[in-house]
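First chain written, first letter: the chains are A, B, C and D, and each begins at residue 1.
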């Protein structure tokens, strides 16, 4: 073949390839279904946060079925349009652009977690649409976007509000010194910063303040280093891997800290709870919903969770078997949007945002009101202490008495005792 | 006194952690160090074994380490299958290592997806009497607490390494493996089929995944993507130890384990990965073949 | 014709510019941006990996350094995007030089593992560098009305060249991608490219035939690293939120070597073909398949291509047309 | 004959505990055809690796054209005028034969020439070697003798003052050996100094003006071919008695 032909071939091939790539992308435009109201979102269905993402998605499907049974939004049926963001923020802007421009969704809500909400913010702001957030930590602090609302019940200053109740709960130990440890990851670092603020307010001396990398396999050296500082309390902001590793390391090395835990993500998940079993006893941690009798202030939550658990069983889903952690919240952030849209009576994002700002909603997570930056006006993270765990049987965690509520005072079902007294 | 106690505890913990690292790396030391197959999917295959261990433990109540032993022949057969495929498409055509790397990346993704479909994405743990307890002893006025689960990892990994080392250096097959690493031609002249030797050696490398998987789920909670966490570690260990040296791999695993543990104790855990990999870079800068590597750099 | 390729480059850029002016779905800019970014990354990777045969496994390190150099500049004095890109290119280039001195004496797999180690060390450093957000990540607010040399670039009301920041970033990305392809092609047909090829075929023979191997490898690493740094620099503005796991993602290392390999590593067009193909499949898969099957497809594609077309698609075509 | 082009002074090289070269001293004169013989493992290839710069000798000096070579990299030595071939041919297998030759031309001998001039220079050498018609072929289809010739042609393309030919005739037939010898003699007559390492005694004795013999890293004999052939030490080294 001559050189000329070769280069000709190349350019033809390149052009053909470009054309193919372009047409492949453009043919994605679906047939418009004018009738349904479409709610679009990205969700972590694979990757590090997939455990939470899948759980949230099932709850959202339950909400969709509920609202459709009740006649839908604005009298139209609701359809969920979602894509897997692979727990990678990089995929998020493209997904939301696709949802808004190609799928022509009527509303967008966020995926699960701070890191995956952040890259969607500018897209929402750019289109000036209402944006509901699911478990985002301070996502709107820089943007101050008036149409963003977030369901994590951590109060107006989420980083601080998240651990506020925990620090109130430990006052009973009259601590003087505190050790702080956090995972080297976005959410956990924010939690620890908030905890430092609370610790300083309370006048505790910080004797240890470190971060651990997410890939850490053995936590015993860290626990020993903390013990060497003899802290009265040990605040941990960790991700699931680390939470499990730390619980075990503490069980093995022991500690004299009176309170251990605080912001340990993952201890609310079925797999870890069952796997860790009795090693959890004594841990004092945050939570959002536990099967204690006083949680009746969340109307319909326990029925919702029961439906979710049945769904997991009957459909053979590979998601969290219990669903306490995210199900009510993933349901609620859609529910609030649905209520607002139906109250406004039309798709008018300005009016809907205004309505959400001025209304106190009642949903499966109780009464919700949004303040500045779309955060909750009050903090309602609850503090639980693990106790009476006998074995690795999962069903015990569905019963009251295992994760007793220590704070807030109005719903408490127990009082915190020192870590070692429950071992 | 307190400092000494902390330091000694950190070193002990580091050796135990090193044992765990060694268990993850030893199979790769054969596949990559001796056979030049860049099996980037190795940690992910270990996660697969860990999930199998979980099943055996959860459904049948089998002790995890026993489950690991049961899985060993299964992974041996898997190794035979993977190598046959690899040989067919790459080795036979003497393709560059780069192509093999892409192949194993593909394998990694497929394995992850299969695990997600079979087990979901939630974290899994196993229970056994030796998990969550530790052996505590006082020595010269200092207290040592040794978690049984890490001790188990250490003992099993050491036994595995010593066993493999003895097997590879003493048996005919083992010497054939080393020979195939240096000169495949000479081996065929001796009347041994080099492909067969490589296939069995690769399968042997994968067979270690059975036990390594059991140890993994004993030491850490697992989920399908957790294998990616260890890609850097296992390759660093094999290279640090020197390609082709099984005992070098063990020593390198101890070095990284101790480094991580000591740094975690005294300088803050978040610097641990930088220190571990800086050790690797430093060693490579001065001794390009790793600690126990032979002269040739490929 | 002498400058046929250069004319082609200009035409492609013109087409991209017209594309940004047409009023179409913004999704295409996002998808197009991602694909063009991969064109640039895999082209940059191929300069050292394809021509020189040195597998850089630390692509994520160079990209991450670029991204964080950009972030540091934004935090420091609100630098504009062009300054970010230039600075990131220089910093990543120097990084390439420094790394090259340490690791380029290593051969084959040792080099690959050393670069991987480097990426991990860099990620750890960034994790602990709170000025750029540290492990918590950082949000970037893009300027509402960026100007360049006194010309208004982006304005929603239409007074600027582009209506939207994304269109601007898309066009910038296209410029950089075309530029790197041009650089790669110039290297390939020049003395450097031939020297690198000789190194890939047999380094000792190349050295004995008078090729200054270390120098050429260093030059290639610097150019490749600088281009990767530049590709990384534009990333924070595009995604508006960066944390270390994203900036140093394993996916980057996989794609940067998988794409050239699927296309063909021996010529400039290989990485372009590979990244357009694999990049498009990935972009399409994300928004059509919402499950783990997405990853499965990538895995199967990888295995399929490396087994069926060992010389890449371009190599396969050339063989057929021989 | 004129003065020495290459001086090897007490060169020593160790691998771990093994001494590959011990205190070797010799010199090669300008325009000379110099033979280097010795049994397998005697250190022949190690010596030329030290001369060409792919290995670094621990002791002694190597002086080429009046210049001390210590610290110079292999490619710098090539630029200074020393080029070698490899015992097992190492062609650049992804390139055509023409492009193989263009590497040394572009990087050493003709770096200031235009692409067309380089092509002409390469072609000229290929014609001398009788390989002109294969110029645009890939190296994968070459026969053993063609690979040997390519190896030589590529080295010659660097226009060296000193060419070191490492067993360029191993595995060739009698006629082919003569063919290669003719080529080497032709270039020598054009002024190129040549060191030939060879196992084929007939070839090396016929070719060389002067021969040295290495055994176990030591120089055991030096002289004209006639002297070497009769040397008892050489005989012992080869026969192992």
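Just so it is clear, a contact is a pair of C-beta atoms (placed from the backbone, for glycine too) under 8 Å apart; a residue touches a chain by one contact, two chains touch by 3 or more.
In this text, all values refer to a predicted model and were calculated from it rather than measured experimentally.
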Any chain in contact with subunit B as well as subunit C: A
Longest centre-to-centre distance from subunit D, chain (CA-based): A
Between C-D and A-B, the pair with more C-beta contacts: A-B
Mean-CA-position distance for subunit B and subunit A (Å): 34
Subunit B-subunit D separation of Cα centroids, rounded to whole Å: 46
Approximate Å spacing (C-alpha centroids) for the pair subunit C, subunit D: 44
Centre-of-Cα separation between subunit D and subunit A, whole angstrom: 71
In subunit A, residues with contacts to at least two other chains: 45-46, 48, 184, 211, 213-214
Set of subunit C residues in contact with two or more other chains: 124, 127-128, 135, 292, 295
Pairwise touch network: line, ring, star, complete, or other: other
All chain pairs that touch each other: A-B, A-C, B-C, C-D
Subunit A-facing residues of subunit C, complex: 4, 8, 25-31, 34-35, 124, 127-128, 134-137, 139, 141-142, 164, 166, 235, 238-246, 249, 251, 269, 272-273, 276-277, 279-280, 283-284, 286-292, 294-295, 314, 317-318, 321-322
Interface residues, subunit C side, partner subunit D - complex: 191, 194-195, 197-198, 200-202, 204-214, 266
Subunit C-touching residues of subunit A, taken from the complex the two chains share: 1, 6-7, 9-11, 13-14, 17-18, 20-21, 24-26, 28-29, 43, 45-46, 48, 82-86, 88-95, 97-98, 100-102, 114-115, 118-119, 121-122, 126, 139, 142-143, 183-186, 189-190, 193, 211, 213-214
Subunit B-facing residues of subunit C, complex: 49, 53, 55, 102-103, 105-110, 112-114, 116-118, 120-121, 123-125, 127-128, 135, 250, 254, 257-258, 261, 265, 292-293, 295-296, 298-303, 305-307, 310
Interfacial residue positions of subunit A with respect to subunit B in the complex: 45-48, 50-51, 54, 184, 210-218, 220-222, 224-225, 228, 240-241, 244-245, 248-249, 251-254, 266, 269-272, 274-279, 317-320, 392
